[in-house]
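Okay, so chain A shows up in both of these, paired with chain B first and chain C after.
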Partner chain A sequence: MSEALLELRKTGIRFGGLRAVSDLDLVLPVGVLHGLIGPNGAGKTTVFNLVTGIYEPTEGDILLAGRSLKGVAPAKVAAAGIGRTFQNIRLFAGLSVIENVKVGMHRHLESTLLDAVLRTPRYRRVEVEAEEQCRTLLETFGLLALAEQPADSLAYGLRRRLEIARALATKPRLLLLDEPAAGMNPSEADDLMHLIRWVRDTFEVTILLIEHHMPVVMGICERITVLDHGALIAEGSPDEIRRDPKVIEAYLGADVHAGPA
Partner chain B sequence: MRQGALAYGILALLLAAVWGIELFLVPWTDPYLTDIVIRVGINLLAVMGLALVLGFTGQFSLGHAGFMAVGAYAAAASTLYAGVPPVGGIVVGGLVAALAGFGVGLPTLRLSGDYLAVVTLGFNGIIIVLIQNSPALGGAQGLTGLPVATTFGLTFTCVVLGGLFIRNLLVSPLGRVFEAVRDNEIATRSLGIDTTRAKVLAFVVGAFWAGVSGALIAYYRSSIFPSQFQFDRSIEQVAMVVLGGTGSLSGPLIAATILSALPEVLRPVAQYRMVIYSIVLIAMMILRPTGLLGNHELSDVLKRLWQKRPGARSTAA
Partner chain C sequence: MTLLLQQLLNGFSLGAIYALIALGYTMVYGTLQLINFAHGEVYMMGAFAALYLAKVSGVADNPTIPGAIVVMLGAMAFCAVLGMTIERVAYRPLRNSSRLNMLITAIGVSLLLQNLGLLMFGALQDFPSLLPEARWTVSGVMVRSNDLVIFGVTATLMVVLTWIVERTQLGRAMRAVSHSRDAAALMGIPADRIVVATFAIGSVLAGAAAVLVAMDKHTIRPDMGMTFGLKAFVAAVLGGIGSVPGAVAGGLLLGLAETLVSGYVSSTFRDAIAFLLLILILLYKPSGLFGKHVPEKV
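The block that comes next holds the complex of A and B.
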């Protein structure tokens, strides 16, 4: 019996007359790699924004390890152990690749204004430790050679990788990935999906993944939730989802039989 | 250990240079030139604070001269009414301005976007009106009878301390957070960082050094007037940061040096002064829209020039 890390209970939000998400139930046990799929505008990104405190649900509740996240500010949600990436990549363009990751680690660095200004021994020890940890993380993501490059000089696919590395630097319990393979070719996407699975196993992190590359989602996720018009239309194992008539009708169409290679 | 010792070594060296110049060069220098240099130094202190707030943290403050006014009048009042000596008055000016920065920043920086510009603009105006209508602060006639203490040495001691303070801050983890806030506040929050706190911190540090700058003005010519801290001064400082390059510390300082000295240098052709001044500004905007140094530092640029010098043994031929 594994306990729930994240739980959405009849969660919903309205934007004026639009119910972007409604009545959504979702349970993520610790350690799961869970897929969230659905057509464009189905409400997937909105679910991430609800969980991370960017939006507050107008209905229902969201629990992290049993504690309600309702009304908790985004920075506090992140500090509680939820890391995320963004569909429209949000890197710090003026910073180098490694500095992006160091900002991710910031909340674990104990270094005050006075440490910085007076160059105390603690300040230098903290910097050395951060540098080492960030380099290790960058190596994992194949970005070490680019550590000192400006983040906005990276190719598109590498930016997405960097964003994941930055989110992992916060040492999250739950990682939300919003279309991490968007804009990648099939082979890059495939590599990334294996990396994501490896990350889950190595960092022992629970992952909720939004992704459009159907074969890879079906290939690596243990469970999948399908949204349409803000509502859950199916949940189950990849095999169940692939065979679900509602899913086929609403979203997957003929593609559903493509399955994993 | 080594790095820390080096930082203190640089500080000692710079201060020794400042006081060497004060003792051995200033007495034989044309007072008119010394006057220009001191005015430049005073502007440098204000502009380095604004470079932190605007250039590195991305917060559009339009009332930096208001914090100079707070620093100047707090220092002056501490001396006139409590007998605080000038060096103490400079600290008082910085601290009171920092407090004002906290008061203005905390409620405003929670909100995103343009509120700060509007509120700081209003703050600058309100401070001036308050001073003009306060008999204890001399009203529109200003405060007189202050001791004269702002020498080249004192001014540039403050410039060195302020410059190293802000530089050390910028290359520290907090400095990275300031830039992260500027580049993408939502992403910064998603990493568990309290961005309001970071913005308020940058704002308070910027206000502190503006206050020190104002206090130096108070002790320069034995009197201060509210008209010295009007809105046009705030705008001029924004121009210095933007022209020097947002995301650079040395760029704005160079711009501040040039723009503060320019009106003086152009005094012989006084009637065309404002025209030339404007043309330089417009030319800069067209030729280098990212500012003089963009987001680079002077040291990077010099390093690159050095590597490109004729006869340099280049590894990347």
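The block that comes next holds the complex of A and C.
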């Protein structure tokens, strides 16, 4: 196996008496497209919040390329190369589409306010480069025609695409996608599935994907981890997961012992 | 007619000052959802810093335009440092505590600075002219050079501010942080640095306002930030707290309302009108003229 980009070691978090995630082991090799599934409330988004530094694990450790992320603030985690999207879309509503992407790029723009006031060559070069890179990204995501529109005027599916574009603008090594196909119809979800795989190949990012649309997950993920009640109940290839009795039980209830749905 | 024109001129002049101070309240509220009650005291300290600079540099004895510019820039720089220090010392340690804690701390900082001012400077000091002053009568309306200075400085600062907020990377990051500090942090925006920049910019505007008022009134007092700060806060709420154009509109509206009331009704009601407007706006449009209603997130 190639080197691990993200590694969770016996990671857990308690909120008071509630163990939202416990004893979770997870290894993502570089370049993998890994699915994270489980019933509602299983702790999937909590895992994302742990990785991105919104929560600090109370047990275990989280490593990015061998370096611990424990206690690292969200902005530093982003700087270390982790980009993410949100289950409930969190675009900067009043900013235009292209400005949202430029915010994602902020960390990579190395000019100061003084440069801006004096309009130094560096400032102009940096702004021109950022503009070009953002436009390329938007074109990739089919959003270029809407670049100057306010982000909150976009249709739902396009907002999800814009969130992915914004996360990619941070130039991440690891991209966390939280239910990118939520609320999409099957054909939109299918388009998105191809887009995600294409993003992984083109941008050479490692992707951890939370998704409820089973065709999406099964269709594009190379490996899948299943959570229930904050604990790992199965990990394997899509085929193995599809046949795993524990997974079927978690999704359908204990009484069902029929074959794969 | 002449009276009306005169009152409008005075009202815009006063309103421009309110707007400058209101911008500081509204910008900090935009990024931290904190009503920075110490902002009025930053403004007050700016006036005393300007007095000190004017005396030390000799501008007080020999008013010139370059001298006035130096004093104003000095006071603005002093306020920037003071604002950033307050943020670092008093507010940042409370960043993750409840908003009420921050609010009470802000009131504490305000009282601390006010009493520090009283201790250091006494109750009242004269402020010299920084510029040669003149007044003209244009078809019955008295126009003072100070009014023109106020308009010129305010307009310049507002153009610069709008440009920073709308056109620069810093401004973009500020707007992103004001929409969602968490989401901005997760996109790699160093939210703390953006907050510091916001305090610095708001305080710079307060410093400029302080010099303009001091030049105009020729006396400065440690409690000058109380009334002016409170009025400017009302202006920010009128315009919709968190909104930059709202702060400007609210400031001008309040300035006009005050001078019109004192011109046509009675100057007794001058201060009352500010709070009457506040009550009306809170009753009928609680989010302010330019504010958007944001549902409270749980």
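The definition used in the following text is that the second predicted complex is superposed on the first by the 250 of 261 C-alpha atoms of A that agree within 3 Å, B and C clash if a C-alpha of one lies under 4 Å from a C-alpha of the other, contacts with A are read in each partner's own complex, and residues count from 1 in each chain.
One rule holds for everything that comes next: a residue touches a chain if its C-beta (ideal position, glycine included) is under 8 Å from a C-beta of that chain, and two chains touch if they have at least 3 such contacts.
Since this is a predicted model, take the numbers as computed values, not measurements.
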> Will chain C clash with chain B on chain A after the two structures are superposed, or do they fit?
Replying inline: clash
> When the two structures are overlaid on chain A, which partner does A:Gln87 contact: first (chain B), second (chain C), both, or neither?
Replying inline: neither
>> With both complexes superposed on chain A, which partner does A:Ala78 reach: first (chain B), second (chain C), both or neither?
In response: both
> Should A:Leu109 be classified as contacting the first partner (chain B), the second (chain C), both, or neither?
Replying inline: both
> Which holds for A:Gln149: it touches chain B only (first), chain C only (second), both, or neither?
Replying inline: neither
>> Is A:Arg119 touching anything from chain B or chain C once the two structures are fitted on A? First, second, both or neither.
In response: first
> chain B or chain C: which reaches more residues on chain A?
Replying inline: B
>> If I apply the document's touch criterion, which positions on chain A are contacted by chain B in one structure and by chain C in the other?
In response: 52, 54, 73-75, 78-79, 83-84, 86, 90-95, 99, 102-104, 106-107, 109, 111, 113, 116, 127, 166-167, 169-170
> If you look only at chain A, which of its residues touch chain B in the complex?
Replying inline: 52, 54, 73-76, 78-79, 83-84, 86, 90-95, 99, 102-104, 106-107, 109, 111, 113, 115-121, 123-124, 126-127, 130, 166-167, 169-170
> Touching chain A in the complex: which residues of chain C?
Replying inline: 164, 167-170, 172-173, 175-176, 179-180, 182-191, 197
> Contact residues on chain A for chain C in the complex?
Replying inline: 52, 54, 73-75, 77-79, 83-84, 86, 90-95, 99, 102-104, 106-107, 109, 111, 113, 116, 127, 166-167, 169-170
>> List the residues on chain B that touch chain A in their complex, please.
In response: 1, 3-4, 7-8, 165, 168-169, 172-177, 179-180, 182-184, 186-195, 201, 205, 247, 295
